[in-house]
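Input: one structure, supplied below.
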């Protein structure tokens, strides 16, 4: 049986990453995956080569318009669309089609959060494509609509969740996450030009206004079973890919307590690697992979738990999570086509 | 009158930056500054060109050995030496010689802090070369021994001090500072190779073990007049220069309160620029300059003050602070030879 | 006497660099330079801070429209405008106003070259703002209209001119020049986004179609007194600033011959440094400076002269050359406000 | 049947890349590849994690000493050793063991070239691990000793070979190749520190003295059936991986002639992609892949063929070529475990 897959928003970074992973998926080589419609908005009519010169097997494919008609007739449809545009597409597709949305529209459960951070009407809430959340994996196995988490939430939530679930930290967390600029997307803006970014670091969305803040808070509050306030600051640094999140919370636990909690939480996870004492994650070591590298320690002088996590924002942070979710929804092996080995140095 | 200046440790980054600034000092062009002995450890006998190809006017100068004899007979001696080695040199120089140490030996006032973080015997405490600390400028005008602050402490302290002095934040602060790798010095190490650093971000000294932690705590506690605990995490990113510090503390103050406090604290400072609402600092915009760019806001949802500060770690963070201190100690204009205009993009 | 200076195109990289240099010019500190109108096209009405956060002393200046009326009443007008737009402005300014154009309009002497590479009508030819060309310095001292060279031509011409003038190489030269992306300007384009540029090198304008090719050929042919054909390939690499040009031509001369020729040609030049044997230029060492670092050698096995040159494309390659030309035209010291010391590392 | 594979020099970049590719090889997942001894010199006794934190499945493997005894009992032995040290190891292994050397020892056929560029005694000549050379693929199918090409030679040879074989260019070629710094290896050196490399481009080995020069000349001369002189200049730029080679030679052929020649030469090659007119290679698009992206054109004004080629120096330039050679020598599919899809952006 062949699964036919479409990608809407194929000229963007999320779409490109999904396609990269599909081309390397063992079921693609085996003929069980067929890449169908690739669509775009303003880039419709151009070839894949113009946007993704690394995707040589698809180089001459011409991008179609993103319409329900073009996307019909596929078993899986990935959406990499601007915020607020997924619902119309999804509603027009049969309920049996697996729709995996890389946008924000269906991530939040609280309509007020949506109104505060995105504006407009809340589209709804879909199963959250982070299988490593407690109890979440089974929900994804039955899902035909999946909302892929934001890149910052993925690493922030995974870095802090065990400590909050075990209630060994105060429910106020501080996250400073440095990121490569691919997370900001591919629309040309002056402040994302290479000449502006190279040699410079800058924070943005300072003061809790970044749209990923409520998404982080939502998952951590659920884990802690009490409201968790989140101070979140993203920092752009001169890299193309990668997020390194430094996550802190007040604690009176010991380093040994905390190590045991994280080991228990993640010991069986394929993609989450809690590093041994003395090792620290780097974004370079997860580049292009679906791995999460974590370290966790306690600064006893200041009474602070410090969890540091690294992911590739385009892989585990977007396209890898999308493929991981697809694997689950199709009943395939969760890790198929996804590696824990990064491309380094 | 001509001031004769020596630089010990001239092959390192601190020494190179001091020399760059001296070559651009208006009193150098006027003949009032003479660059005397340039010394090194293992690099003695080599030329400046081999280490600092950008310092063309000094390219053929041969580095001498770092000994008290070579450094004698100068009006000002800058020290850019490994930790623990400045005291011997300084003791051998006349008390009237202005000695400005870029190392850590004389920064800490608490011998226990020294023992905990550096080990060995505490050398003593010199006036701290951060003129912007309340009351500190006058001490530097009379000083003939000055300890230049560490790069991370400079921006961390300046970012948080007004809020702590005004007691509008809790005395527990969290600092995550991203830095270019010149701060790690020039001794070759595998993990500082370009191939390891480019495309990768990594934290180090996690858990409060970085040696700059007690230096930050010392100044902030003095300002707050109570003990301030510090959670400090440095993060290396793929840049040569620059530190961007994201500094947070719990607060119940409003953004307007805080803006007024910072404006009052820094409104008259030449080098500290508190940016208007909506503007955020970038390290690129302070490159090569002595400027400090700061923004401060309050995240009311999470009750957090967020101060973000940017400096060039080699200029305001080291060599610029050293020259600024020298200017004060010599009775010159504090800002001579120092610019607030960075080299961007 | 105060010289009043306007900059048209002040929101671009050329304009920003000219302003950076003017702010550091000793005659600005002395009150002999006044910065007057700063103008822009689409960015008119915004502040300097929005485009050049490093130019703190001008941060709150509002950009005016680029019109002859606004630019009238200045002693010097710098133009950093799109190709083809300088002539209208220049024609409307009095002949006594010193107009220094950073665009291409007045660089070429051959109208056919203009037609072939730029299209449209040739505006004319102004004195060429490269004082280091033989006999050119005096022309600039009398000029009130100056065309600043392109960045690639500056380093290509200076790297090869002595060899061609001395006729020790064949009149066919091959130039491969790697460049930071600030040379491509500040208009947002997808292929100049940081995520595309970081981690990637790419050639462009391959096959002799880059517009700087005829400009290089023009100057080298004049020096050689015979037609010189030029194979020129620019390569974008992940840097903000800097050009490193590797320039080759067949030769039967020896390395010693060539060294003598270059020493004779450039021994008295302030900004051109022919490095001693064994030293090679780096773009990092000229960053922000007006220095040209050159090395020249002969590969005797392949009978090739190899000249490698480095400049900062925004300084000696644009803004520095503009200020150097202004200094000459005003009768000031040619090197005032310009340094040979780069900001490194 | 399980193939047991050892890697000597496993802590270096070549060794790490070979291991990355083996972990992703479909026969590793199928249990047909077993990773046996991993050895090192000075790093023996440390774990893989300390050197290659991206190789999570091998993180806790302890590196053994590089001795013939440790390397015995494997079907395939990869050598990533310092020049001059492979022969002793290879001689001690049975002739049936497939030994694939990533060093230079067995690449050159001319003992004088070895003496001139490396010094010491020439070890011999092994089949050259570049299957895309005319007639070479069959030799590798029978080989049990293979010399993997240098990274610069791989792309330089592939970029120019069709034109020289077809004798449409003069037998004098000029190559300027920009490279990331991983090609310089992992031994710590001051001039490879991130702070020195970031923001700076520099040539090295200028004047034909780089050791890859005779290797390029050897292959091109064989293809042209006449001596080809090579002017080769490598340029380090701020990237971790990737080589972009701009290769020129005088020609009187047309662009159409040349396009046809390259299409004929490479149309059937899996890994070599000659891009359509208007597309140009980027190193970013081949990152981590075994692909070669080429463009070729003719600058008719200057009578120059310009071929631009991109590879990942660690993959097609080293580890990928090694695995491709292994696949051939074992009778496996040549492309198994090797992708043409890079990790971009």
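By written order: A, B, C and D. Residues from 1 in each chain.
By definition in this document, a residue touches a chain if its C-beta (ideal position, glycine included) is under 8 Å from a C-beta of that chain, and two chains touch if they have at least 3 such contacts.
Since the structure is predicted, the reported quantities are computational estimates derived from the model, not experimental observations.
Between A-D and C-D, more C-beta contact pairs join the chains of C-D.
At the far end from chain B, in terms of centres built from Cα atoms, lies D. A straight line joining the Cα centres of chain C and chain D is 38 Å long. Distance from the chain A centre to the chain C centre is 44 Å, each centre being the mean of its Cα atoms. Counting partners per residue, chain B has 13, 182, 195-196, 198-199, 238-241, 281-282, 284-285, 287, 344-345 as the residues that reach two or more other chains. Residues 13, 16, 20, 23-24, 26, 29, 49, 52-57, 182, 198-199, 240-241, 273, 279, 281-282, 284-289, 291, 293, 339-345 of chain D are the ones touching chain A in the complex.
Contacts from chain C toward chain D in the complex involve residues 172, 174, 176, 178, 195-196, 199-204, 206-209, 213, 229-231, 233, 235, 237-242, 244, 246, 248, 250, 255, 280-285, 287, 295, 297-304, 306, 308, 310, 344-345. Partner chain B is touched in their complex by these residues of chain D: 13, 180-182, 184, 186-190, 192-199, 238-241.
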